[in-house]
Amino acid sequence: MIASDLLDVPVHDEAGAHLGWVVDLRFVLDGAPDTFLARARLHALVVSPRTRTSFMGFERSSVRHPWPVAPILRWWHRGTFLVHWPDVARVPDPDAGAGPEDTAAIVLRAEFTAYEPGL
Amino acid sequence: MKSRLLTVALGILTAIGGFLDAGDLVTNAVVGSRFGLSLAWVVLVGVVGICVFAHMSGKVAAVSGRATFEVIRERLGPTTAGLNLAASLAVTVLTLVAEVGGIALALQLASSVDHRLWVPVAALAVWLVLWRVKFNLMENVTGLLGLTLVGFAVAVFLLGPDWGDLAAQLVPQVPVQESAAVYWYFAVALFGAAMTPYEVFFFSSGGVEDGWTVKDLASSRLNVMVGFPLGGLLSVSIAACAAIVLLPAGIQVDSMSQLTLPIAEAGGTLLVAVVIVGLVAATFGAALETALSTGYTLSQYLGWSWGKFRRPARAPRFHLAMILALVVAVGVLMTNVDPIAVTEYSVVFSAVALPLTYLPILVVANDPEYMGEHVNGRFMNVLGTVYLFILVVAALAAIPLMIVTEAGG
Amino acid sequence: MRRTRTGPRDVSREPEPRQPGRVLDARLHLLDRQVLDVDGMPVCTLDDLELEAVDGRSAVDERIDGSVPVVITDLLTGPVLGTRVFGGRPPASRWHRLPWAHVVDIGTAVRLSVRSGDLDATWLERWTRDHIIGRIPGGNHDPESSG
Amino acid sequence: MTNRPGRSPICSRAVAPLVLALMVVLAGCAPAATRADDAVALSSVSDHLDDASSAVATAELAVRSRAAGRLPAVTADVAADDAVETATGAVHGIGTLVIATDDADRVREEALDAASAAVGPVAAARTWLGRPPSPAGDVLRALDDASSTLDDASGAVEQAEAEARPEAQVGRAVP
């Protein structure tokens, strides 16, 4: 699996309702220490309900400048949330190619929790 | 310890490539001979704009070590940055074509050998400098020689115009015999030329070449504050010379040779000779700037090794890209196109490249992960945002204006 | 593409618990950053990331989902760039891999512990050097050593 | 001095073809060449005459500067060469325009004569620049004559153009 297999993919809940798109992947360096850095564990998917683009990440950072670029992008990405990787029930098969959207979506578990995306 | 003058060589060379490249030399004279000084305000607006963004890009390069196109790729992602790359390369290579042709035209003024024969010589000379000469020496020599274009400013004084009359022309107004569309077309073209994207690519990469660190922020600021206003001043001087001598004579500028006529009138053979040296140096400097920018943008987008501070074998694809760009330039010139006319079409590509270049610079200059404590202050942000807005408006207006006016008639 | 959308509805969000290690977002901190070797020589841009299940199950023979922990095994470069721009997916044999174990530091650039000359990812650079640039007289001349 | 008021009606040259093309497309029944087209053609003639005048003025300035010893010979030669190119380009431009009505064609012929007549003096200026200094008077007189001929032709063209234009307005109102 490569990062592009997950990025920009639509996200559905268990009932098939559309929740948004994966705009980024969050990693945490808390795995077994590798040679220099700890292993980067895929911690969560960043899901934006309104747009597929992850533009500059203002919705996740505390940066408020330059005005008005930052506030506009922040507002555009309002409602962005984080789903932890264990809440992901199904990932589309990367080798299947572009299928109908329902099968090409990431499906979450029924009892998934949405977290705030701030870094 | 380098002298003060040499410290600002990078800024001067960048500004010469932006304001006084072959296309702009002629455009400034055209504007002067048709509109007098009624478009000089655009140059002022452009100088402030390029100062703001060159300052930011230089600061990002000095603090984080990242040149502008690396930042563009990182912030915009491969697709949008790829679009910017295509548009920027188009602008830069078109300008390089004009510069190689411009060197040939300038050499023709001193030799009367047909410019078509000078083209391969000019291209070879540009390549040899890219291949062998140290970045430092290159920027100092071309920057200093380019300063001889100050001859245009001297000429304005020697011509002894009616200063009141000249000052009255500074008021923005559409001359009676020109249409508003043509006036605004030239306004957008002058603004786009002042803020042409390869200036920040070159300036920021040049900062990396010169090994700037946080300690060199003052030097970066000095480069910006000296170089670009000087470039703007010289381009207004060219317009003024044309407005004083060529406008009353009913001469419409269409070639580089006409630039020497006001100079001859003002200062005689000696000043003409000085200015011709300046023309050769400016077009040569602009050719170096655009050829290097081609290599910088491509290498930084794709993550290749780049830089003149490395031996060519340590940055082979960077050097290959520049060689190919020069081959393309010579090839295009061999088809006998007018090198000056080529740059008119770069306005179209600038419309795409300008916003996509300056937005990421503004964003990264505010990012503490890159800049630490050196993030933009409020003043720079206000200016940057205002200019981003102007850029978008100019970009949107550029193509319709070009079509309606047939590239300025 | 938006046919299943019934208009964005904002899910209620809980505060994210503090994580025990450094947090990195792929697009924000990794993808499209410049990769530098141990000497500071540019190697490539980070075009993509390869992810594998921790217990070694590969994506090819078994589907990965949230039930297995996943880590970054390699940084990818090369033809993956084209597919990120134009879509599609390059065959795995054509990815150039830079193992995560070689990554020393992630800042405004990603630093490796190895020399770029030893990497597969830079074969084109070496080919260009050996077949074109190195053959032009002066190609090995160091511009900083003399004027 | 070759300054003329209303030197360069660029806007009409640029905008008029677009408007006309739009009209032709919308009406769909316009004849191939009309008086309105002639107005466009005449404005183009007038632009070419401006180019020719500019070339004459450039040559004149180059000769004067050279005669005063203020311009190096090689540089003056290049300027004059460029002027010759501009002047011949103008003749070519006027000669290849399509004109519908006899009135307008007469005006065009006059313009063509004036532009052609200007090429000689400009070329002569270049020849003079290439020779060891001899009095520049003859060359300058020829350039002056060419300049005033061009001015007269320009005036005639502008008048004809103005006459053609109101009819174009009428044609626009009644498709």
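Every chain is named by a letter (A, B, C and D) in the order it is written, and numbering of its residues begins at 1.
Heads up, the rule we're going with is that contacts are C-beta pairs under 8 Å (C-beta built on N, C-alpha and C of every residue); 3 or more make two chains touch, one makes a residue touch a chain.
In UniProt terms, the chains line up like this: A, C = PRC-barrel domain protein; B = Mn2+/Fe2+ NRAMP family transporter.
Note that the structure is a prediction, hence the values are computed from the model and not measured.
Chemist: Going by the contact definition up top, give me the pair of chains with the most C-beta pairs touching.
Modeler: A-C
Chemist: Roughly how many whole angstrom separate the Cα centroids of subunit C and subunit D?
Modeler: The computed centroid separation for subunit C versus subunit D comes out at 62 Å.
Chemist: Could you work out how far the Cα centre of subunit B sits from that of subunit C, in whole Å?
Modeler: About 35 Å separates the centre of subunit B from that of subunit C.
Chemist: When the centre of a chain is set as the mean of its C-alpha atoms, what distance in Å lies between subunit A and subunit B?
Modeler: Taking the mean C-alpha position of each chain, the two centres sit 42 Å apart.
Chemist: Residues of subunit B touching 2+ other chains?
Modeler: In subunit B, no residue touches two or more other chains.
Chemist: So which stretches of subunit D touch two or more other chains?
Modeler: In subunit D, nothing touches at least two other chains.
Chemist: Out of subunit C, which residues touch more than one other chain, so two or more?
Modeler: Residues 27, 31, 84 of subunit C each touch two or more of the other chains.
Chemist: Taking the touch definition from the header, please name the shape of the chain graph: line, ring, star, complete or other.
Modeler: Graph shape, chains as nodes and touching pairs as edges: none of the named types, so other.
Chemist: Which of the chains are touching one another, listed as pairs?
Modeler: Applying the touch rule to all chain pairs gives A-B, A-C, B-C, B-D.
Chemist: Mind listing the subunit A positions that touch subunit B in their complex?
Modeler: It is residues 56, 63, 65-70 of subunit A that touch subunit B.
Chemist: Tell me, which parts of subunit C touch subunit A in their complex?
Modeler: Touching subunit A: residues 1, 3-6, 8-17, 19-28, 30-31, 48-52, 54, 59, 63-67, 69-72, 76, 80, 83-84, 89, 95, 100-106, 113 of subunit C.
Chemist: What does subunit C use to touch subunit B in their complex?
Modeler: Within the complex, subunit C contacts subunit B at residues 27, 31-35, 41-47, 77, 81, 84-85, 107-109, 116, 124-125, 128-129, 132-134, 136, 138-144, 146-147.
Chemist: Show which residues of subunit D lie in contact with subunit B when the two form their complex.
Modeler: 1-11, 13-15, 18, 47, 50-51, 53-54, 57-58, 60-62, 65, 69-72, 74-75, 77-79, 81-82, 86
Chemist: Using the touch definition from the top, list the residues of subunit B that touch subunit A in their complex.
Modeler: 75, 359, 362-363, 366-368, 375-376, 381, 384-385, 388
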